[in-house]
Every structure is written in C-alpha cells, then in structure tokens.
Amino acid sequence: MTELQGLSHKNEKADRNGFEVQLGAFSGPLDLLCHLVESREMNPAELNLTELVSQYVRFLVSSKRTTLNEMAEFFSFASRLLLRKVHSLFPAQRDTADQQDLLDEDIFTDEEELRRMLEVFRPYRNGAAYMAALQRERERSFIRIADDESIPFYDLGDLYGLASLWWQLLDRYNEKRKIGDYCEESLWDDIPDAIPEERQVEERMEELLRSIRKKELGLSDLLGEKNKKMLIVTLLALLEMSRLGMVRITQSETLGDVLVAAV
Amino acid sequence: MQQSDENNRIGLLEKQVEAMLFVSPQPVSSQEIASYLGVSAARIENAVKTLRDIYAKSHGLTILFVSGGWQMATLPDLADTIEAFSNAVSMQRVRLSKAALETLSVIAYNQPVTRSEIEDIRSVRCDRVVDTLMKHGLVRISGRKKSVGSPLLFRTTDRFLEIFGLAGINSLPSLDELKDYRAEDDAFDSLERTHGSADEGDNYE
Amino acid sequence: MQQSDENNRIGLLEKQVEAMLFVSPQPVSSQEIASYLGVSAARIENAVKTLRDIYAKSHGLTILFVSGGWQMATLPDLADTIEAFSNAVSMQRVRLSKAALETLSVIAYNQPVTRSEIEDIRSVRCDRVVDTLMKHGLVRISGRKKSVGSPLLFRTTDRFLEIFGLAGINSLPSLDELKDYRAEDDAFDSLERTHGSADEGDNYE
C-alpha cells in the first residue's frame, strides 16, 4: 500500500495536467476504459490495446482515495489485459500446458474482443447516466409521508423476496446470538473494513498529526484503548508518516517508551 | 388577491405551505411552519386561510385544524367513498412494508409461531404488523401454545399460498435455492476463490 | 385566478378522484379508479386532466403519472423547502452507487436476466449490487431460467418505476436511442459525494 501511495505521490508531481482519479467514481474496469476512450478521444474502431493498457495502468497508479478491494479488482482486469497482449505478441507460449488454463479463463482474445466488450457495455453505461438524471428529476417531488415505517413497499407475491428476507433475518439472528450484544453497525463494520483502507490510514495520519503537533507523545499513549482494527490502522499510519519523514520516532532508553514527535 | 404583485408573492408562500401540509402525516402548527420558512406566524395564518378558501371552493380536499395544527384531509362528504376505496386498493394491490414482509417470512418459515417468538427473531415489536397481516388475510390465529400465559399461535393462510404461488408450505425456497444472488459476505472468501478454480463468473475478483 | 369561480368549479367525480389520489400511498391507474367508481376509464382520464390543469395553475402540488398510475406529489420547484421542512421525506430517496445504477440499467433493458448475463456485460461480479438493489425493492427474482443450473432471473419492480418517475418500462428510451447520450458533467456528482456513506459497507460493487 505504501508503495502505491509513493507512486501516486510521484505521479501527481510528474503529471502536470494531473487530474485526480478516484476509482470509486467508476463502476468497474469497463466504465473506466470507456472514460479513457472518451476523454482521449480515441476512436473505438482503432483501439490500440497497448496504448490503452498503458493509460489504464497509469490511471490506476495515480488513483486516489481507493480501497484495496477496488484496486485489486481493477488491477486484476489490467493484468488480464496485459497477459492478453503478451500472448498475442508471443503466440508460441500458447502451447505451454499451464498457460492454457489461464487462456481459457480469459474473456477476450485481442483488440477486436475488447472493442466488442466495450461496444456491448457502453449503451448500458449511457442508460445508467440517463437513469441517474431521471431519478434526480423525480426526487424533486415528494409524496405524502406514510405514518409508519412502510417505505419501501414490497409487492406481495414475490416469493423469492419473502424467502431472502427470511434467510437474511436468520443470519442476523444467528450473528446476534454469537456476539451477544448485537448492534446493526457492527455487522457491516467488520466485514468490509477487515482490511484497513488507505483512506482510513490517511485519516488516522491526520488525527495523529494533530495530537503530536502539540507535544511529543509516547507510543503507548497513541496505541492505548483502541480496538484491534484501530490498532492496525494506527501502526500503518505511523509507519507511513515515518517513511514520509513527517514524524520522528525515538527511544531514549532500552525498553523505555517510544516517543513520537512531529517533524 | 386584489393586487397582482402581492398575489404572486403570497402565491409562493401558499404553495410552500400547501406542500408542507401535504407531505406531513401529522398536523403542523403555524408557528412550526413559520419558523421553517422564516416568516411570521401571522403570515402563515393568512396563507392557510387563503388555501382553505381555495380548497373550500372546489376541491375534494380540505384543511382541518386539529390539536393545534393544520392538516390536509379529504372532504368529510367523501368519507364513505374514500374509506371503501382505500380498503379496496390495499386489498387488490397489496404491498407490504419491509417490516410486514419480514414478519410474514418469520411466520411462514416457523409456523405455528407466537408473537414473542417473532419478536425474538426480529428484535422489534410486531403487534401492529401482525394485525396488518391478519387484516390482509395472509396470517391467521391457529390456536394457543401450551406454555406460560398460553400465547396465541400464528399461521399463514391459504390466501398466502395462493398469492405466493405455493403448492404447500413445504415449497418455500431453501437457502440453497437463493445462493445465486446472495452476496458472499466474507471478503476473504472471494479472495481465496480466485486462487482456486474459478467457477461461474467469479474470476473477476 | 381573476376569472370567475365557475372556471374552477369541479364536479363530484373530480373531487372523488382527487381525494382518492390523496389517500393512496401508491400510484393508482385510471382503470382502478374507474372500476371502483363504476364509470368509464375515459371519464377518469378527463377528470384527472381537469385536476392537473387546476393544480398546474396555482398550487404547490402536482399529479404525476408513474408506474401506470396517477400519484399526487409536491411541485419540483419546492424540493428544497420540503426537504428542509421534513427529514422524513428523505426516506423517499434511494441513494444508488454508480455500479448499482449500471446494474439496474442492465436489468431494466434485459429483463428477465440472470446474474451471469449481467456480469458478462459489466465484466465484474455483481452479487453484492444485485443484493443491494433487491434490498431497496428495485429488483426482484422472477423465477429461474430453463438452462444449465437453472439460474435465478431478475426483473425490475413497480417501485423501480416509481423511484425513476417512469410511466412504464417502455418509457425508457431504447439503448439505440441512448447511443449518443452523454451525461451532463455533474450527473454522477452527487453519487461521488455520497460514495462513502452508502448503506452497504462495500459500496463499490
């Protein structure tokens, strides 16, 4: 993660017209590719895969405020694009047995295939944009507020809807029994946040900076009382700050407290 | 209403008040509206008066003054029509709130079941919801449980089976039948799977 | 307004229709009203037209045509006022991520459609998004496809039409017509801003 951050810092400086990229603003790899094709005014009929891939990867590298999950998904797509290119340049490798499996999984074979994917995808992307506009317009009008918690309504007769609600409830119930004191947040909190996100680390960095700017603090103060997740995020934040030369970490005596000061 | 200029200005205020009364499920006092719109309560009173006049002239709606506030409602003359209509509509085209549908699912999968058992699973009270379900003929009382306080037991009705197109209560979808769309909640699970053989479309993560 | 009252005078039928639209929590079709009142649907259409004209002239309310029916709502111009007035109205809004909208568009145009068909088009996994859409009641399972593994089929719901202000699924322009549709620059702006606060922890998908 620190590597990626390092790269993105570099890129920001190198790329003068550098526009901010947030993967979260894209719905997926194809959405980003469409955006690239449009913003660079490439002719989809003359898609140059190499050029597109290199732009795509540059985009990913300069991407900001991105969760690791997002990044992973986009890079996985990018690597398949690259692999494809390699195979088209070195067709001989196709014979290797273990490469064969990879090829079978692959979804496109060349520019033609990628172009076809984009062509199929693009109208839906427009459809989504159109629907977003529709929704915004509709949301300017309000209907009467029902006096109970009856929004949203479910059409009766939707058997699968009924069934899935039950299985969700059961999940929640079992979870509740498992953890004893159940609170709705904690369920969602734990799942996607299991891997600390860059954003969390960045936020923590700012917090830490604010507290140590006033006075030098011991590591034990900074790591105290927090939960496990917070602990990891704090450690990552400290490492990153140290790497960037934002803090000075010292230990005055063996086994003494480690002191953290802002530089 | 004499001066066109004044008319227009009052027009916007009236529209705002009208829309507020429309969306609000409870009566709203002039003071409350006034504080939201940043005008005097007296101006609100005037606006409401104008609205009431407009509605009184020729509308199926009216503005009532109840428990210290204004509330939009249907004309008293139409009471019979409207009451019958709203029952008819809600029977014909039943739509349930999430709370109601959840409760229905608990009853369907666990029948016969008591109210406190339902509440245990949903961790919210459900007397009102159960009443709604009974009113719609989706749920019925099927007896009393032989335990302390002998609480009522609830079951789904034949109408329930009909509406959901079920041959019998045993045909309710199992967890397995829904696995097609249910999200894998465990992030690590999906990571692991990319290393193994990628079945279906899972190889994108 | 300055004309005589006669212009604004409406008949009993209009009043009834107005009151019905007022009480109904969901859109009501002309047929539904007609069959209830025992008059022709054409007469109802006319009555609604008269009401719409009256509302258009000087009211804070309007009558929408969504999901095949009529629905009373506040004027779009008053959106800010009403929003500030009542927190509860925000419940009527559904925040969807860009991925969710895209998936919804694939489902809307191809329904009924399986998850792997959606994934073929979007080239990313969609279980989480589909799950979210189902939770919001915008999409439902409509059965199983008769093919290998008999995967579940998904459809949009009436609520989908209501949320997007569509009279029916046919009111969406064809994909061909959208070929050159470009979103205004800020079309997704609000989405990005709320990106971190969607109800799903993992709102990317």
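We just call them A, B and C in the order they show up, numbering each chain from 1.
The rule is simple: a residue touches a chain if its C-beta (ideal position, glycine included) is under 8 Å from a C-beta of that chain, and two chains touch if they have at least 3 such contacts.
Note that the structure is predicted; figures quoted are calculated from it, not measured.
Each chain gets a centre from its C-alpha atoms; the one nearest the centre of all protein C-alpha atoms is C. Taking each chain's centre as the mean of its C-alpha atoms, the one that lies farthest from the centre of chain B is A.
Look at where the CA atoms of chain B average out and do the same for chain C: the two points lie 16 Å apart. Mean C-alpha positions place chain A and chain C at a centre distance of 30 Å.
Work out the mean CA point of chain A and of chain B, and you get 35 Å between them. In chain B, the residues touching two or more other chains are 19, 22-25, 95, 98, 178, 181-182, 187, 204-205. Taken residue by residue, chain A touches two or more other chains at 69, 73, 77, 142-146, 150-155, 158-161, 164, 191-192, whereas all remaining positions touch fewer.
Here chain A touches chain B in the complex through residues 69, 72-73, 76-77, 105, 142-167, 169-170, 173, 176, 182, 191-192, 194-195, going by the rule given at the top. Within the complex, the chain B residues that touch chain A are 19, 22-26, 94-102, 104-106, 108-109, 121-123, 128, 136, 138, 163-166, 172-173, 175, 177-178, 181-182, 185-188, 194, 198, 203-205. Partner chain B is touched in their complex by these residues of chain C: 1, 5, 8-10, 14-20, 22-24, 26, 28, 32, 36-37, 58-61, 72, 74-75, 78, 81-82, 84-86, 88-89, 114-116, 119-120, 123-125, 127-128, 130-131, 134, 137, 141, 151-152, 154, 202.
Interface of chain C with chain A (complex): residues 22, 25-26, 62, 64, 66, 71-77, 79, 82, 86, 88-89, 91-94, 96-99, 101-102, 104-106, 108-109, 121-124, 134, 136-137, 140-141, 152, 157-159, 163-166, 172-173, 175-176, 178-179, 181-184, 187-188, 190-192, 195-196, 199-202, 204.
In the complex of the two chains, the chain A residues touching chain C come out as 22-31, 67, 69-70, 73, 77, 107, 117, 120-121, 123-146, 150-155, 158-161, 164, 188-189, 191-193, 199.
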